[in-house]
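Shared chain: chain A. Partners: chain B in the first complex, chain C in the second.
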Partner chain A sequence: MLLKIAWRNVWRNKRRSLITIAAIFIAVLLAIFLRALQLGMYDNMINNVVGSYSGYVQLHSKGYWDDKTIDNAFEVNQSVLADIQNIDGVSTILKRIQAGALSSYNDLSKFVYITGIDPENEEILTDWNKRLIEGRLLKKDSKSIIVAKGVAKYYNLKIGDTLIFIGQGYHGMQAVGAYPLQGVVDMKNPNLNNYSVFMTLPVAQDFVSAENLITNLVIDKEQYFDENKIAQVIKSKINNQSYDIMTWKEMTPELDQLIEADNAGGILIIMILYMIVTFGIFGTVLMMTQERLYEFGVLISIGMRRSKLMITLIYETILLTFTGIMSGVVVSLPIVNYFYYNPLRLFGAASAQMETAGFEPVIPFMNSYDIPLTHSLIILCISLIICVYPILIIYQLQPIKAMKR
Partner chain B sequence: MKKFYLITILFSCCNLYAQTPMEIVKIADSRLRGNSSYAEITITIVRPKWEKKMNLKNWSKGTDYSVSLVTSPAKEKGSVFLKRKKEAWNYLPTIERIIKLPPSMMTQNWMGTDFTNDDLIKQSSMVVDYTHKIIGTEIIENLTCWKLELIPNEESSVVWGKLIVWIDKKNYMQLKTEFYDEDLEIVNRMVGSKINEYNGKKLPSKLEFYPLDDKGNKTVIEYDVWNFDVSIPENYFSTQYVSRLK
Partner chain C sequence: MNVIETKNISKLYKQADQDIKALNDVSINFKKGEFTAIVGPSGSGKTTFLNTIGGLDSPSSGKVLIDNNEITKLNSNQLIDFRLRNIGFVFQSYNLIPVLTAKENVEFIMLMQGSSKSIRDKRSVELLKSVGLDDQLNRRPNQLSGGQQQRVAVARALASKPKFVLADEPTANLDSSSTSNLLDIMSRLNKKEKMTFIFSTHDQRVIDRANRIITLEDGKILSDINVK
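Then we have the complex of A and B:
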């Protein structure tokens, strides 16, 4: 009954209702856009550095992270692999072996990180095809190497040139080898571009005399899955004495801090937006209350209970807010989705700046469902809080005064 | 023959009575090197978590020329380390290349042992570069030893602050050496043991080298064969010959 009255009240003055709905609609739309853009950008940054290369979670032998030498390599057994693969949210597991070595070509030499990868599985995590600039990618039985573009540029390498590597192998063995170049890749990150050399896992293991050993087990997650949860589960499942489990935040704290700092700014902006929206909605509600003072007075004086009138008003607010939120979400969805699949591409100086910082100069939107959900709920709360004002007015209303014109 | 005896007697007389600390070091040093030597060596690198054994053949001539050939492990077989005066080269058969060690690599470990490349190349002369002083007598391995303190001369390019050396009185074997840095803090200790006779010379066959900063690390050198005053073709110490050494 009260709901019906509320519904009719909403449509009695269409213009007033539409203004309120419009205020809420714009607030929801803006909040969703802002957050989708910002979180999408962070996600892209993380993806560039973490998701597509180092993985969200990594497993090392204890002490490897502080002392990244090949002597801290470990043998990973099948049961551990199976345990991890079965954890909820884990999408891929990759074995890698990494060792620093001195590379040399003609008269030049340079320090590089040699990474042994499993080309077939690696394809799932990193889109190597997109990154290939020249030559061919590694195959399962490749004996040659691919290098990142910075290394190729330093030596002025052409496909087929042979690079020499000298380093320290496992347990004091000499690591020496000469390998022909078969491809050049762009790692989309200046650090990786300047120091990366890739071989297949068996070739790299042979180079450092560490048969069947790996240094990093890269664990990738499904999109928007919480990596901390995955890390927790792994920690509880496997022997903590011999392994370290690290999330990307622990491995690359500088990226996390960069995002945290930027995010704080983003949150400040959204707070300001909410403040403006709050006053916008409050304005329309204030107007509505003042306009209907006479009506309220009449209703109370003909015997309507104040509490019932208040409930009607709450219903009205919920109806209005709900309509506004729904329309906002519905309108934002296709737009967010469009920009998710066709990310904004930056041009000029902004693009160059992003690239030097090591990120791809694109801003895709985030299409996670929890952005509209959070912001709808926040705006609903704001509306309900604002609703307190007309309720207070009704509570104190003196019908005679209200009806006096 | 008589002359020879006479000289020996005279010599031992000297030993017994009028020996200056410098002479002690000089005799010990020359016994260790000879004019030239050939040795088959087993080096064991000991680390807290693992151990590695490698076998080498070494030819040397005086203090200036030395060449070492790795014979095992199989993967490193054929690697050569050549030293000529103050320069050093490394030959790596896998890449068929000879590399001259740049100054930047001098502080790195020599073939994964606890020695640095510098230790081997800049081997300062214990005779010329130091001022010697006997500071006591101690017994090591049941042998009475002089305990000598060696302070580097100011003009020498020695990296150590001082050395303490134990040399036994009978056979002039250098049984123990302690290396101190500029702040006179002890850094390395080398201990000789398992005395053996090589070509009639008594020498410790086992040398253990402890870098005292790294607990649990040591390098053990064992001489399986050690011949002195052998004739070594000159070309053994050339960069052209390294790939043909056997």
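Then we have the complex of A and C:
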């Protein structure tokens, strides 16, 4: 009955309630849209760079990150490997060796990074099949190489063409080799696309004369595990004198800063949005309360407990906001889902800007239920806080004063 | 047996220039089944008196006993519950919950008392029939005339089976035919169900229907006459 009364009271002033609901609707829709876009963009950035390539945590020999020469390669100890594998939240461990080299084909040459990978294990981190655009992927015993699409485009390479590499090997050894091309991949990241060449770990180790050595140990985590915690545990378990353990935020601080800065801007916009909505809801609740003081007086006089009257007003406020929230959420779902499956493709200046920052100029929306839930709850909380006003008014209402005209 | 007893109640309003004694040492009793009019000039204390015996206002001094319960001792929440169970109210106007129908308004008070749905249904229809509104059950207050609204208010006041009904100028906003209609209904309920009514009024026609007339002046009882 109280709920029925509340529902009817909401519609007593149809126009005012509709305006309030519309304001909440727009705020919820905008908030969800903005966050789905932003978080989707960050997620995509992190996934392209971190989740599917560099891993959330990496282990290097001390000093490697600042001086990425092959002389900083190290031999990974089987017991260290086992220790790390046993840590909670660690899913896969990948060995890689990376070295810079000059590549050449016909009369063109270009600096590239050669990365030796273990094809079978790499498959666990990334679905390389999705990246392959031409040719075949590396197998365990492949002697050929695959290159990223930027490199292939630079040389205008076809499958079967042979690339020549010249570089510095381990401890001053010469590194020279010629390898046929067996595939081209899209690394979904302009930087990686422009400089990446892949071969199997043994082939790469042989090229730089660094048998059994690696430069990067890539440690991937299970979903939703905190990478900082994993890094912490690894640090406590292994010898810190000879290794550096870095999370993706340390390895690519630009990415982290970029996201943080952009995120702060988004949150500010949403806070302003919420402030406007708060005043909108408050204004309505204020009027809903003030114009009915006489009625409240009558109700308390004939024997309605103040608490029941308060509950009615709380219902009214919540029904009002809930209607707005639900309509916002319901309308946002198909929109967000559409852009999740059909990512927004940027063009013009924005696209160029993203490309130079090293990202694909596409924004797939995040369709996690977290976003609508968070924003619904925030507005619901705001409305609950606003309920304090009618509660206080009813608490101190004197029926005979309220009924005096 | 006395339904209401007041013992030396006074109500003092402290004003900047002078204090106003809205009630001045009033001691009076009401018996079950009385049909009483409180009369007197404007400002004589009628509303203050009804509010005090109805537990809406507390006297500055003195006691109010209802069925031998001293209501002047109850706290605010106890008073609300006491009013719900023992007293029916009819105010001058805007008595009803605007978003509820006539029937729902009558049921509302029984709902707060915790009556079951079947009892509420039966009694609300019965009561609205007794005030001649059985064809207006599902109308909202704004679809009813002022007189009809007051009749719904009387039905609601009776719905809780109170010990008495207080009505402060219930006919002040009504035309003469609605006034006599409402009075007919109240006096019939008074005779048939022995319901005690206490109402204040300025209207001579209403005074004529009462069987007890109490006249107030400056917060004091000027006269207390039993008619018939």
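Everything that follows uses one rule, which is that the second predicted complex is superposed on the first by the 262 of 405 C-alpha atoms of A that agree within 3 Å, B and C clash if a C-alpha of one lies under 4 Å from a C-alpha of the other, contacts with A are read in each partner's own complex, and residues count from 1 in each chain.
Rule of thumb we're sticking to: contacts are C-beta pairs under 8 Å (C-beta built on N, C-alpha and C of every residue); 3 or more make two chains touch, one makes a residue touch a chain.
Predicted model only: the values in this text are computed from it and were never measured.
Trainee: Taking the superposition on A as described, I'd like to know which of chain B and chain C A:299 touches: first, second, both or neither.
Mentor: The second partner, chain C, only.
Trainee: Just chain B (first), just chain C (second), both, or neither: which does A:168 touch?
Mentor: first
Trainee: For A:9, is the partner it touches chain B (first), chain C (second), both, or none of the two (neither)?
Mentor: Touch status of A:9: second partner only.
Trainee: Looking at A:308, would you say it contacts chain B, chain C, both, or neither? Reply first, second, both or neither.
Mentor: second
Trainee: Could you say whether A:132 touches chain B, chain C, both of them, or neither, answering first, second, both or neither?
Mentor: Neither partner.
Trainee: Classify the contacts of A:209 with the two partner chains as first (chain B alone), second (chain C alone), both, or neither.
Mentor: first
Trainee: Could you tell me if A:178 is touching chain B, chain C, both of them or neither one (first, second, both, neither)?
Mentor: First partner only, chain B.
Trainee: Check whether chain B or chain C contacts more residues of chain A in the superposed model.
Mentor: C
Trainee: If we count contacts the way the header does, which residues on chain A are in touch with chain B in the complex?
Mentor: The touching residues are 71, 164, 166, 168, 171-174, 176-178, 209.
Trainee: Which positions of chain A touch chain C when the two form their complex?
Mentor: 1, 5, 8-9, 12, 294-295, 298-306, 308, 399-400, 403
Trainee: What residues of chain C sit close enough to touch chain A in their complex?
Mentor: Residue positions touching the partner: 51, 54, 56-57, 77, 80-81, 83-85, 87, 89, 91, 94-95, 97-100, 108-109, 111-112, 156-157, 160.
Trainee: Which residues of chain B touch chain A once you look at their complex with the stated criterion?
Mentor: Of all residues in chain B, those touching chain A are 45, 47, 49-50, 52, 73, 75-76, 79, 92, 94-95, 97, 99, 111-112.
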